[in-house]
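You will see subunit A twice below: alongside subunit B first, and alongside subunit C after that.
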Partner chain A sequence: MSGYNAVFESLGLQGWCSAGTQGGPVTLAQLLAKAKANQAGAGEGSLPFPSLDALNSACPAIPRTRDMTSAIEHGFLTVRDGLKVVLDPLTQPLSWLLELSLKVVDLVPWWLMILALLALTWWLSRSLRITALAGSILLALGLVDHLHYALQTMAIVFTCTLICILAGLPIGILMSRSERFKSAALPVLDMLQTLPSFVYLIPLIFLFSVTEPKLYGIAIILYAIVPVVRLTDLGIRQVDGSVGEAAESFGMSGWQRLTSVELPLALPSIMAGVNQTIMMALSMVVIASLVSAPGLGVLVLRGINNLELGVGLVAGLAIVLLAIAFDRVTKASMARLSAQSKGYNP
Partner chain B sequence: MNQAIKMAVRGCYKIFGSAPEQMVERVRAGMSKTELLQQHAHVCGLRDINVDMRAGQITVIMGLSGSGKSTLIRHLNGLIAPTAGEILLDGVDLTALSANELREVRRSSISMVFQNFALMPHQTVLQNVGLAKRVRGEPAAQVEADARRWLARLGLAGFEDRYPHQLSGGMQQRVGIARALSSDADVLLMDEAFSALDPLTRKDMQDLLLELQRELFKTIVFITHDLDEALRIADHIVMLKDGEVVQQGDPQSIVLHPANEYVERFVNDINRARLLRVESLAQPASVEELRRLERIDATQTLEHALTQAGGDPDRAFAVMREGHFAGMLHLRDVIRAMLPGQPGKPQVQPPAAAVRAGLNIHQA
Partner chain C sequence: MRLRVSLAGAVTAALISLNASAQADCGQVTITEMNWASGAVVTAVSSFLLEQGYGCQVKKVPTSTVPALTSLAETGKPDILTEIWPAVADVYFTLEKQGKLVRVGNVLSDGGQDGWWVPKYLVEQHPEAATLAGIMAHPEWVGGQFNNGPSGWGGRVSSDNLIKAFELEQHGIKVFNHGSGETLAASLASAYESKKPWFGYYWAPTGLLGKYPMVSVDMGPLDADKAKCNARIDCATPGKTSWPTATVLTTMSRAFHDSHPDIVALMSKVSFTNTQMGELLAWQESNKATADETAAYFLTQHKRVWQAWVSDEAGRKLDAIIQ
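The block that comes next holds the complex of A and B.
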């Protein structure tokens, strides 16, 4: 079929090759190639890229690429049950937490919810302007009947961000302490950050039932945890060396140094990480609606599935409004915190 | 001068690199700094340092940048561990202590003032000063009262609730000193504590330090690259060059008998008038002559003589020692003495020679 026949013949591997079975499904490419070969009657001397498929056509003992992908699938399916036994109970609290937060949105009356959110905004930003902005955004969402969806989205984002901070801070601190841990963690963080967001969902769908909230919870957390980890590490590493030396020379223990010097000074940087984490969680929650996450994402998905242009666009704009509110509030609290801990560069 | 030895550095070596322990023997055998760097890629930071720091005295470690003085002071509180040698505090070798014991020493016995102040930027002045006692876990009310007392002592009452960046450099360093003193440690390490300040503030801070020292009798180790500063405050000066002690002794002896060219270059730049005494320039003269002149005490500095003469180069004084005439001082000689000495033979005669020159000592 191709020039590789001669290669295998010259290596004396014909016997080994023909011992391999020509099993497995026939690919479309193979059929096309066969038809082409019949038409042209040639192809004997052609040298395609020596990929698994091309080599397989010369020597059936070599597996094809699709055999490899199906092997990955089989491999995953065989470890799945074992993984489930470990991961299911470990992640169950996440499901409960998400269910609880969504229940809160369902049960608490809308006016109380808005008041509570505005109080939180005020506490974080201490700015009338920002609080008024958040209030008008909530009212605008309510006016077009998107308030409930928006609150569901917020509940998921808040819950996942909280877990990202709780898990991300210790990881970031460890990274700032140990070069070895950092060099091990960096590739993982890079992968989490660059893996297309849909790809997160694929193994999770195999592991958990699509009706479980933890399915999208895990996807959002994995996707959004990276900035808070990175910026915690960065913030602690950026603490002025002489301040660390002073802490050391007055006999601070590692814990005293972390809690009374490093974390307070790294706080502006950590808050920048939290801000990014919230934004990434918000973008993931839309995609997570593919796997039954409630909220504004459901409306966007409806817009795509049913070609309801207006519904999709309005929901999309509502997400933008939410993002603006989140961003302004966290940035305002960030500015407040860094004003407290500034004084380095007079 | 005979106070007990509070801290001592004995045979201390510090070598930076991947296998410093193996290099110590080579350095002990006399390998030079450049050879060590070129042949073995190790940096020799300190070489065979032996210094005694006496209780209640100010020991000044002097040298240019890169001479290893900051490295040396960090050995004294264990921020850097020596490659070989001992660091003794009250006879206890700090290098043999565990991490916890060393932390305890830092909390209770040694405190430090830094060149760039190194105050906690996110804490108020009051919280900064309370740092040492808070780290030790003393009750908050007591820590605060103590911090207020120290701030008042250093003239910073009323600034308790400010943040460090709201204060000037001099005030920030006062906070740094208050922070170090509030730990009640016997030993105070000052790493170029006044180098970042402007000259006038620096002089004020030197006066403040001397004033505090008269009350507190701390054992102070002070690092500087400024010989004028060293001469003003030091009881004992240690000159470092390329990680080695080139000369140590009391300030006058360093200025009058520099051990080598390196020390001489330092000494040539200083204000001799402030250090040298008038007796070192006294010339023989007859009693009749001396009786007609204004009198000046032999232990006064040349600067004092210049001031007393109002800068007039034609004036002369009768030098008095314990009520007796010790010779005549010409202002012209004072001005000449300001010139830097020639290498090897100082123009200014040492005091002993001057006494011998004033042969005709008469009753006043």
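The block that comes next holds the complex of A and C.
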């Protein structure tokens, strides 16, 4: 009973209101309130905020908040089968890539893997110091039996970063071309960055089977794609307009301008975006393990669930070491690229 | 001046005596709220009875088995620990022996039922799928996959050891370790909705097993010693056995137990059969209710059950509130 009963009575909506169903769960607080109201006859003058629940207690025809959330769930489940038909083939390559990279980590012997990673580090950074850093991190991880987990995490992060770059670059380029597309894309990017990852894990669990790698792959990609998109857009927009005009005056087409002028000049910004994408993918590792991703996240979860302080801390530190290694390597390659591009500036 | 001092003294004395009389009632009680469905319902019901029937100020502490026992061992709080599954945490027996906590009652009178389950429709299709031997002979009946629980679940340790003992992987059944209880539940639910095969670890009483009829796979006779070893992560020789029923206890800290005999009397009687709890949890699932609302449903619909638990005085107070 609240003041709203009087409001509905005075509006003459009693008939419409009582046609609605009133039933469903009551909370303990409502139970207590009912008891107190029966004893004291109080509450008829009270006016809580006119929320759906408050109005529903006065007029059962108005849906409660829980009915609204049920309706959203119902709506999603109705479109789910149609969505699955479209999304399953689109996302299957992601599953294959992830399975392939994890199989590679399982099959390749450790010394070959470490050598390959050191070679990659050298090729990217051309710095002895950073290659030594990467090598010592890998050896330290191997010493505490965390190497296999670390390699699995690296495989997942690299695969997802690759897809992020492949998907994010075109979106970023489109955003830099079209103001309208940018204003449509910005809220989506904001939402992807701030919506708690658990929240968009729920519909993903409904859409995809939990035993398939694409579930955590998509979760990681959705979270980590944002920096690449934003920084590509920023980098291209920051290219000096006069350079673009000069290219046009030389008779370059739009595509040639993009690939020969704008992208190379925007490369430092894009590489910063890739760096941040790798960091964000790494930070998603534990949440990915909640949906059965292998790697260091499994160890962190084990530490959390079993209250094993040491296990959780060491696995967490391993993730930090990986992050440091990736950060230094990508920053060194960025420095090399920007040094090269500076050489081209008149 | 003297009048003012004596007045102040009288007011303070009155306040202190008021406080003391309130504390003699019951005072502050901390109770655990376990992070699974049946635990939350038990806590909601118990704390309502304590607050309205016994005048306690109840503080609910969201937690789970191992952190709650660790906290009790280190700090002597929380006062009441609901739904403790001792099979999961060896530390329970150590604490009981040291006298730091006192076993008060069996909150799930039938005990928890862990097991390896298959859907009922699968057994109707292939009757031999109700036995583990049948499943291992025909892994394609269950889709060649076993859904294991997440780490942190006691059942996971036992399952891992049983998988080794029965050599599940050598018989063509791939073990998929779920990262969280939610994905395990989601995989069961989505397989059941599309009538696909499913085989994995789960436990009762839960809303999921209340909602979807499942059959517990027959794994042979029960060997209590082997089961005890299987429950330990460092078991050197995992053995073939079926699952023992798990006792589920309400416990209290020693200090609280000794100072609140009336609450001990209440909590020792709070008990649900698996049928009762299963019905409550199935209602909760189908109505998308919170634990609080499920408790309200239980208190209004099953008056005779809880009225047997409370003292006469508390029963009178609660009758006035719950119609």
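Basically, the second predicted complex is superposed on the first by the 330 of 346 C-alpha atoms of A that agree within 3 Å, B and C clash if a C-alpha of one lies under 4 Å from a C-alpha of the other, contacts with A are read in each partner's own complex, and residues count from 1 in each chain.
Everything that follows uses one rule, which is that a residue touches a chain if its C-beta (ideal position, glycine included) is under 8 Å from a C-beta of that chain, and two chains touch if they have at least 3 such contacts.
Source: prediction; values computed, not measured.
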item	value
Partner chain in contact with A:F250 - subunit B first, subunit C second, else both or neither	first
Partner chain in contact with A:Q238 - subunit B first, subunit C second, else both or neither	neither
Subunit C versus subunit B, contacts on subunit A by residue	C
Touched partner set for A:I205, first subunit B, second subunit C, both or neither	second
Partner chain(s) touched by A:S127 [first = subunit B, second = subunit C, both, neither]	neither
Partner chain(s) touched by A:S70 [first = subunit B, second = subunit C, both, neither]	second
Overlap of subunit C and subunit B interfaces on subunit A (superposed complexes)	none
Subunit A residues within the subunit B interface of the complex	240, 242-243, 245-246, 248-253, 256, 260-261, 264-265, 340-344, 346
Residues of subunit C touching subunit A in the complex	44, 48, 52, 66-67, 70, 145, 150-153, 176-180, 182-183, 186-187, 190, 287-290, 292-297, 299-300, 320-323
In the complex with subunit C, residue positions of subunit A that touch it	24-32, 34-35, 38-39, 66, 69-70, 205-206, 209-211, 288-293, 297-298, 301-302, 304-307
Residues of subunit B that touch subunit A when the two form their complex	77, 79, 103-108, 110-112, 114, 116, 118-122, 131-132, 135-136, 163-166, 179, 183, 189
